[in-house]
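In this document, chain identifiers A, B and C correspond to the written order of the chains, with residue numbering beginning at 1 in each.
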Amino acid sequence: MSSEARAPAGLRWVDATPRVSGEPMEQLPLDLYIPADALAIWLEQFEGPLDLLLYLIRKHNIDILEIPVARVTEQYLEYLALMKSMAIELAAEYLLMAAWLTEIKSRMLLPPEPRAEDDEEPLDPRAELVARLLEYERTTRAATYLDQRPRRERDWFGLSIEPPHRLAARPVPADLAGLIATMQGLLREGSVQRAHHVRAEPLSIRQRMTEILDALAGWRRCELADIFRADEGRLGVAVTTVAILELSRTRAIDWSQEVPFGPVTLFRPADEPVGRTDSSEAQDERTGSE
Amino acid sequence: MNEPVASEPPEGLVELVEALLLACNEPVSVETLGVMIGQETSAPLIEAALERIALRWDSHRFIELVSRRVDGQRVWHLVAGAAVAPYLKAADPARAPRLSRAALETLALIAWRQPITRGEIEAARGVAVNPQIVKLLTERGWVRSLGVRDSPGRPEMLGTTRQFLTDFGLDSLEELPDFARFAGQDDIDV
Amino acid sequence: MNEPVASEPPEGLVELVEALLLACNEPVSVETLGVMIGQETSAPLIEAALERIALRWDSHRFIELVSRRVDGQRVWHLVAGAAVAPYLKAADPARAPRLSRAALETLALIAWRQPITRGEIEAARGVAVNPQIVKLLTERGWVRSLGVRDSPGRPEMLGTTRQFLTDFGLDSLEELPDFARFAGQDDIDV
């Protein structure tokens, strides 16, 4: 453990030991001298056992490749004890690291394991720890690199104006399969009652209501006679009449009759939200071709 | 707003307000601008700055400063004129948006359960209906109001349009699968 | 791009390009602008219009026209500098929260080591990945799923998005320094 050779004889961890008026303080860690609250906050800043280890290594100017495991382990355990004493909840990873460090420390005391090839250097028990520390150090530096780049919403802001209103509804592709799958999903979740299913009717009042509204969206007003279709017979008349009554009940449409037995005109109430001409272009075309 | 303008707004303030208008994704009120800029800048001064900005963009063929009332509050934003729309539409058709899950669920409920109120959609999906979704579906021409239901609160009933049928390749609503027939079965091949 | 400018861009074109830059919300290339405006407008003419726009905003205290390379393409956008940050934060403290070290380290691992799984991130950082962090990075549009790895547990692989490049002003992932270069040597102070 070459770096420990740097320590003057007789004083353990001299580079780690705080000094007051030149006198070394044997109390560790030196960060104890900050107020307890601030200390707790500071201790919580560590991003994990690797971060804490790297801190200890950097702080004491240790060469990562030549980690004095015994010394670092001792300091690591002291910090852990300190964190526990401050009631900081430690992630399991911290304890795992402590166990690992202790294991490496004890293996350092044993003679090196012989390797298959004689000319190869014996495997250093610290090798994996060193590799992980180096990897983590690179990660922290890569993170710093990213943080120092000019970043949107911090260092610069994209400018925009509201797109033209007509663009607000950019065409969303219609996807029937997706729609059906979605409905199935809702039914499977059970929140939607199957009992209310749509019933197939030969002539649907609902559909007729839709058609009337479509017609009014295009023409704005139309005569009752235009709505009825001779080929649908009595059932058609009944369905259309109910649809008109339903629509006037819900005030989606209104109607007027100038003279008794005169033509009935259907129109949209002026202040109705119904039939807002959102899609009137397309509807104009279709109603024209009907 | 009829108070006399305290003083001519300094050019720096005008440019700051302009930058803030452009950097905010939403229209902003004079109050919000006041919060941003700080108390020492009075509302009339900010209004004067807005006036100057309006004037500056007045001659621009495609961009204008627009103010409108939202929830009783006057808000301002720079808006692209309708003339820009065709150019934007020409770009990158691959970027065509897809319906979000929430929008698809809302549309599915409206299609199968119409006439349906927002409350019923909320009950079925278990979450509040985002008004933006109904707006999107309406603007797309797929959903519209079917009037109000004759019940307390007179909730608006929603239904699909003929364009919905056309766009989804349906001749009529009856073509939508009747899920009741499949009750008890888990999967239906689409 | 070295061809002589065909002619002075008409004022209408300059204003149209300006409106498109602002309405697009994302940096746009001359090619995209060309598609939007129509074939009869040549690239040099659009570039001349961009130059005029740059000149026009040059004297503005907060706004400038910036061009950068993203994914090997030169793109342009109007941006405001960091000077407006405190104002925007004042009105919306939640706007673009600062990134924690944990978030930055996770993002760095995803950027340099993609495709990478949560397990690998955990191994590299020595602590569990807080799901909130991946969520935050995803919501900011920087990180996305790259599918699942074909190994036991089918872990999800994460990678960065194009927006990550834009937002961090990177031309491409190749522009990121070699990860090995962050090792050893002297300290970079945080």
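Throughout what follows, contacts are C-beta pairs under 8 Å (C-beta built on N, C-alpha and C of every residue); 3 or more make two chains touch, one makes a residue touch a chain.
Note that the structure is a prediction, hence the values are computed from the model and not measured.
Of the other chains, whose C-alpha centre is the longest way from the centre of chain B?
C
Would you identify the chain whose C-alpha centroid lies closest to the centroid of all protein C-alpha atoms displayed?
So the chain nearest the centre of the shown protein is A.
Which integer distance in Å separates the CA centroid of chain A from that of chain C?
18
Measuring centre to centre with CA averages, how many angstrom lie between chain B and chain C?
A distance of 26 Å separates the two centres.
Where the CA atoms of chain A average out and where those of chain B average out, how many Å apart are those spots?
Spacing between the chain centres: roughly 23 Å.
Mind pulling the chain C residues that touch 2 or more other chains?
Where chain C meets two or more other chains at a single residue, that happens at 19, 22-24, 63, 78, 80, 84, 88.
I need the residues of chain A touching at least two other chains; which ones are they?
Counting only residues that touch two or more other chains, chain A contributes 157-164.
What does chain A use to touch chain B in their complex?
Against chain B, chain A makes touches at 157-188, 191-192, 194-201, 204, 206-207, 209-211, 213-214, 247, 249-252, 272-276, 278-279, 282-283, 286.
Within the complex, which stretch of chain C touches chain A?
Touch list, chain C to chain A: 19, 22-27, 63, 66, 77-82, 84-85, 88, 95-96, 98-99, 101-102, 104-105, 107-109, 111-112, 124-128, 166-170, 177, 179-180, 182-184, 187-188, 190.
Taking the touch rule as given, give the residues of chain A at its contact with chain C in the complex, in rising order.
Contact set of chain A toward chain C: 45, 47-51, 58, 64, 91, 93, 97, 132, 134-147, 149-164.
Would you mind writing out the residues of chain B in touch with chain C in their complex?
Chain B reaches chain C through residues 12, 15-16, 18-20, 22-24, 28, 32, 35-38, 60-63, 78, 80-81, 84, 87-88, 90-92.
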